[in-house]
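Next come two complexes, and both contain chain A; in the first it sits with chain B, in the second with chain C.
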Partner chain A sequence: MAAPLTLLLIVAVTIRAALFRSSLAELIAERVEVVSPITAWKRVVEGLALLDLGVSPYSGDVFHETPLIIYMFHFLVDYAEITFMLADVITAVALYMAVKEYNKQVFRKQKFALEADRYPMDSLELIRSPKEMYYIPLKVAMFYLLNPFTILSCVAKSTCGLNNAVLALFFLSTIKGNVLLSAIFLCLATYQSIYPITLCAPAMLYFMQRQYIPVNFRRVSFWWFIVQYLFMYLGSLFVLICLSFFLLGSWDYLPSVYGFILSVPDLTPNIGLFWYFFAEMFEHFRLFFLCVFQINVFFYTIPLSIKLKEHPVFLMFMQLAVISIFKSYPTVGDVALYLAFLPVWSHLHRFLRNIFLVSCVLLACSVLFPVLWHLWIYAGSANSNFYYAITLLFNVAQILLVSDYFYAFLRREHHLTNGLYLKRKDGSEATLILK
Partner chain B sequence: MTPYGSSSLAGSTHDALTRKSTTASRKMAAHRCSCSSWLFILFSLSVFVVADIHETTPVNDHHGGADHNAQTAEQTADQPAVEGRRWEATEVKEAATVDAAADTQGTSAPETVVPSSVPQPKDDFQEELVIRPLHSGDIYASFQFRTLWDTDFMRENKVSHYRLFPKSLGQVISKFSVRELHISFTQGYWRTMQWGQPFIPSPPGAELWVWFQDSVTDVDATWKELTNVLSGIFCASLNFIDSTNTVQPSASFKPLGIGNVTDHSFLRYATLPREIVCTENLTPWKKLLPCGSKAGLAVLLKSEKLFHSSFHSQAVHIRSVCQDWQCKTTSWELRQTVNSVFDLHNSGQAKREWSLFKMFSRTLTEACPLASSSKLYIDITDNPQGEQFELSPATSLLSQAVVLGDRRTFSVYDLTQETTFGSVRSLNLLIRWKSNEGEMLRPLLHAERYVAGYGLQTGEIHTLMYNNHPYRSFPVLLLDSVPWYLRLYIHTLSVTSKGKDNKPSYIHYEPSKDRVKPHLLEMLIQLPPNSVTEVTVQFERALLKWTEYPPDPNHGFYVGSSVISSLVPSTVAMDTNSTRERPLFSSFFPCKEESSYFVRIYTEPLLVNLPTPDFSMPYNVICLTCTVVAVGYGSLYNLLTRSFQIEEPNPGLAKRIANVIRKMRGVPPL
Partner chain C sequence: HHQCVNGWMTGCVKRFGVLKRYTNTGHLPFKNSAGQFFSSGHTNNWAVLVCTSRFWFNYRHVANTLSVYRSVKRLGIPDSHIVLMLADDMACNHRNPKPATVFSHKNMELNVYGDDVEVDYRGYEVTVENFLRVLTGRLPPSTPRSKRLLSDDRSNILIYLTGHGGNGFLKFQDSEEISNVELADAFEQMWQKRRYNELLFIIDTCQGASMYERFYSPNIMALASSQVGEDSLSHQPDLAIGVHLMDRYTFYMLEFLEDIHPASKTNMNDLFKVCPKSQCVSTPGHRTDLFLRDPGSVLITDFFGSVRKVELTMDAINLTDPIKQMEENPVNGEEQKEVYSYADQLPVSEIIHQKPKQKDWHPPDGFILGLWTLILLVFFKTYGIKHLKHIF
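On to the complex of A and B.
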């Protein structure tokens, strides 16, 4: 399996290197879909320039990346292209290894269940074979590396690629069962953009499942594990925040990075729902809706964790998707990360209801984004509503995609316990509905 | 020697005496005669004139047009006797007196000899109008009114008795502990390339800059309050000055009065480029004058004519100045100025002639009775022999002054003299042009600015600075204050002159904060001789909240002028010793160095378009976005709370009603 992966990596790096050399790179770096005010490379360079001038990069409102990023690029700015390509490669390899390991576990669990005769006879065709699972890790890596969204994001040098790498490493260390590393990478991801804090729940559920700790509020071992994990997580977060403080000598970065993410002052158009909503918001409702929209991102963690406590990896996928849809400054790079997980759920395809429609809408939107942007900003023949309409459609399609996968996953689980061909009381063929 | 001697016998007012000594000393310094002995001048004046010409000749070769003026001035100086003109300050006899006085006082400069016998009033008012015919055919009229008051607004017991100084401004000074205040309202843009340098420059719109005393603790709050008070005093929208358009320049705006302040945290600078200036601003301005618009030069300031001009600027400058040469005591100076350019040439009359009545629809009948001096100057530098235009009534009084590095000759009408008004008791100055050729001296420093790029996403600000000096380079300070909604990227800043990178030797940059403070960029750039220096910086246009747009959002947003401050090499050497008795228009900017003079230039304001949201959409957007969020919430809620069940055939309505009834009866349902 190493050979195809190597080939894939070479192809992916070649594409990126070619695009970096072409004149398209500058054009891509300006695209609002690809870079957000937080992740734009132009702003990172601006932050570096401000540092050189002896001005705190956080004294202005142009730079919003974290202090670690700016110090990293203080040394790496000449090797930025390599850094971003490397980040993509790391993400792909980490996802590859993680999914491989995860598939092994799935297969083992399935074997135990089969041996214990837990599946009804007619649902045997839902059982996954090693043959079809063999290429999934490679497909995941391919979905990530060859996804146009990822390529654009990398060529634009959006720091989103680095966040994705950290999240992929978190995923890998979680799957491998390394609690400390998992906490550290999760903390790094949180430090970068707050929202990954919701991934705490799936990580803890996964570790508890792996260490056979029952998810039971009355058990000491359950609480002990949570305390352990949170201690590692918060401890490394504390270290990171203090480290940032000592790098800059001030707490200016806290409002400038996290306040900026949470209060959404920059209304530059992007693919998310926030910009136009808050541009058109009545001022006295602003705070209320801001809270509603931000809580929306974090809120799904609790019910999803309860519903999916047996399936933490799927929960993680759901969380990543929810974050990338509802976060305040989403870019296509965020979308690319959760799209890379789709091959892992390829066994759900028979239960998906509107995958064709959704993928058509997603494709059409991706094409229409630059078209309508041009019409609005350059040609002046359209207005902001056109672009806004496309962001709405794009988000609806994403929501449908995610809920479709969720539906399919739940339905498969239902069939695995109740049999595939359900009958009514009178013996006729039954249709399954949600009630 | 002879011409000076003959003219010296003419007039002999005490006033003229002091002025004479001033001019003489100015000439001395001008020609770098290190000799301080007056006797030497007396006996070697002829040699002096010759040496003078010798000194200016080499300069001629380099300076092009500039020397022409200098030489013309010399020629004029040689000929007054022939033409019967009288120089304002050339009385050798009196000079000898002053000389004696100066000797008794040791090394003190001549202006300390101001009649000490006369008890000097504690306050003093002077008014002055300078008219300069411009080569473009326009007329530049500059009014200056100066009130000097020897008082201390900062002392414990409040100043309560006001005579000439306006009480409203006095109270502002003491209440807000103002050290210096400069405010200007301008309509139109000063075209440096056509009109040369103005005496007092100002940017289009409103400009306000204030130095506060060190005693002010909360400068921002004081500034906020001050702008609101000034807004009331001048009927202007100065209340729109807030933190988003206020900056603290670190180098460009030094105090013009005394006091060597370096801590720029007491300085606030703001411009409102969109401010419209009109009658309602002029009326309160005129009320600050001791004579109002009832007498003196201010009667000419009639709004119906004044605002019918190509350029109009009114300003108030308050600062503290030295009272005497040693600067032992200080007094407050209030300067009120009006500068305007009248486009008479193109205004329909085929005849090229103008008069006070044509310009202002008024004539002068008297000086302000409260004024200690009231004068009208006509710039005749380019018209030494009367070949360009003809002045009527003619005056025999001439004056010379070095203004903005250029020696100018002026005809002077002293309004305090009865004879000025003649038999008709009114002065209607008339200039009749004879020829319309003659070229203007190109300004040495000149700047322009524009926005490049297309679309509403990004753009680039270009600032071009021209150094027209043939062989000298000089540094300029460029100040740019850009509103936050144009996000500047300082790493894209490039300064090039003559195709080469010209790295600024000093950069002070304060990035903007959204909705809080603007960008401030200050740079010290060396301009090579005879070159164009281009400063470019890229910006990104922000999308604002719909309530943050003005009522006409697609008109665009104004960005205030860049300010270019510089010490420009002088075409004539300047003397620094006379701070007191020079005409007012030449003594505004303090000048430390002899070989250069201070110039401040304002570029054009920019008009930049921003992307706009659809202003009719708030309800729709709120509904639609919330719908999408609800779709997400609803579909997840559905899947989270419900479970899969086998669909049972739906019982009919009758059956369901029957079942309800059976349930109430306690009978098992059907």
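On to the complex of A and C.
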């Protein structure tokens, strides 16, 4: 599988290099769907310029990335394009290797379950075979690299690509079972944008499953593992924060980075839900709604973890999707990351109900974003409501996609335990509804 | 400014003293002219000419105002001292069969819209508010000089209003009106701010006399074309243009003014006799009780013209203040040259402490050491030292 992967990488790098050389690069770099006030490359350059002038890069509400990004780009600013292409390549390769490993584990678990006769007879058609799972890693890498969202994000040199790379490496190290590396990569991801902290839960669940620690509140081993993981995670976070302090010599990156993400002062339109709401909100309700919106991101962790504690990888996918939809400054780069996981659940296709609607809506909204932006800003014949409507529709489509996969996954699990053709007690056919 | 006047006055007194010697030898006209020299205390003349009605059929009001403008300009008041407010453009109106002209006599004898008409307030700018602001001087700082009445306490101002009016009001632009009380208060403000020396107020509207009934400030003389209850009538229509060209009162006043030249000695009593009832159908009125001087001694050119008083003399006059001579630099000493240079507009180097080279910021060494030590530690912890030989 190395050869097709290499070919895919070459194709992807070629596309990106071609777009970098064309005139579309500046056009894409200023589109609000692709860059946000946190991830914009223009702001990184601005921060570096301020630093060269001797002024703190966080003065003036320009630069909202972490000091480690400054450190990295201080040396790499001339090779920025290669850096971002490399980040995309790293993401794809990490996802490839992770999904390959995950497939092996899935197949092994399935084999054990089959030998233990845990599946009823009529659900055997739901069993996955290695043949169908053979091309899934390549498909995942392809979904990530050739996704127009990813290409746009890379050509715009949005630091979201770096965030995706770190998350992919976290995913790889988690699947491989390396607790320390997983904690460190998760810490790096959290350090850059706060929301990946919710990925602690699936990571811990996965490790517990892998190390055969029962997920039971009354067990000491459960809590002990949690303490270990959290110690590693929080320790590396502490080290990173102190390192950032020593890098620039001041703490003013804390309000600029984390205060900015949490308090959402910049209301530039993007594909998220925050800007429109907060543009028209009264000041004395602002804190309340800020709390509501931010809690919305973190809220789904506990219920989803309880429901999906047997399937931490699917939980990770769900969590990534929730973060991408509900974070304060989402971009299409975040969307691309969880969309790359879809081939892993391609066996659920017979239970998906809304996939046509969702794909049509996502496609239409992606096309309508620049159209309505032009109508609003340049032609003046539309207003922000039009753009926000498309944003809402896009997010609704994403939520529908995620919930559809959730439904399909749970339904398959249900069929695997209870048989494919469900019968009521009197023998008549029953249907399954997700409530 | 007052010093100037005093200096002038003292200079004139000296000259008067010179004249007095002459009068002793019997030059009477000099005495009269000298007497008239000091009769009015004004040094400059202003005119505020307002036409308040728009629409083509009110052509005559614009022609009224323009004819007064023409006379006033001919008699010497420059455009910089005339505030001309015309509420509509008749010369370039679509219905004007002779574009770029405004005629005051039928058969197109006299075009009062020449080449050098300067309209200061035009069209919708002619409002009650703007008119009152012009009179009282309360204009925003961005108003250009041509739109301001920059008069002082030695100014004689002619104010001419024409349009449609009624008992106690004058209609502006068919949408608002100014009342006689407002006008009287505006003149009082002008008096209190010392914005005029003497004021001549002429109004040519229906029931025009009601507009000057409420004046209570000193040094105002007022004329109106009709009494309360009477209508001012228009003079003659021109069949080629299709509208009435002038109002009667202003028409006869224009004829009267055409005979005035800058040196004429005609006085106000003659102006009061302009347009008797036989010609005007309405009874013109005037009001002089607020005026300090006798109207018979007030020259027409005191208001309608800008007559500079020039007195020729052959005597040399010693000016009272000696002029101080500038001390010359010593010729033998070296010339002191002061080198002048422009101050730095924006001292950038003081604001931003610019370091000479680019990319001067380097991460602290401790940071680099610490970071890479950490990375190496993690790497070896994860993969173990025994794997080193596989990597290298």
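Heads up, the rule we're going with is that the second predicted complex is superposed on the first by the 433 of 435 C-alpha atoms of A that agree within 3 Å, B and C clash if a C-alpha of one lies under 4 Å from a C-alpha of the other, contacts with A are read in each partner's own complex, and residues count from 1 in each chain.
The rule is simple: a residue touches a chain if its C-beta (ideal position, glycine included) is under 8 Å from a C-beta of that chain, and two chains touch if they have at least 3 such contacts.
Please read all numbers here as calculations on a predicted model, not as lab measurements.
Annotation: superposed three-chain arrangement on chain A; chain B versus chain C shows a clash.
In the overlay built on the shared chain, the residue A:S250 is in contact with neither chain B nor chain C.
With both structures placed on the common chain, the touch criterion links A:Q211 to neither chain B nor chain C. When both complexes are overlaid on chain A, the residue A:L53 reaches chain B and chain C alike.
By the touch criterion defined above, A:Y378 lies against chain B but remains apart from chain C after alignment on the C-alpha atoms of chain A.
Once chain A of one complex is fitted onto chain A of the other, the partner contacts of A:Y71 are limited to chain C, with no touch recorded for chain B.
Number of chain A residues touched is higher for B, counting chain B against chain C. Look at A:T14: by the touch rule set out above, it reaches neither chain B nor chain C.
Working note: chain C versus chain B after chain A overlay, options 92-100, 344-352 or 362-370, clashing stretch identified as 344-352.
Counting contacts as defined above, chain A residues 53, 55 meet chain B in one complex and chain C in the other. Here chain A touches chain C in the complex through residues 51-55, 71, 74, 178, 180-181, 184, 239, 243, 246-247, 249, going by the rule given at the top.
Listed in rising order, the residues of chain A touching chain B in the complex are 30, 32, 42, 45-46, 48-50, 53, 55, 59-62, 265-269, 273, 275-283, 293, 296, 300, 303-304, 307, 325-326, 376-378, 383-385, 388, 392, 395-396, 399-400, 403, 406-407, 410-411, 414, 418, 422, 424-425, 430-435. Considering their complex, residues 454-458, 484, 487-491, 507, 509-515, 519, 540, 542-547, 611-614, 617-618, 621-622, 624-625, 628-629, 631-633, 635-636, 638-648 of chain B touch chain A. Interface residues of chain C facing chain A in the complex, by the touch rule stated above, are 352-355, 358-361, 363-364, 366-367, 370-371, 374, 378, 381-382.
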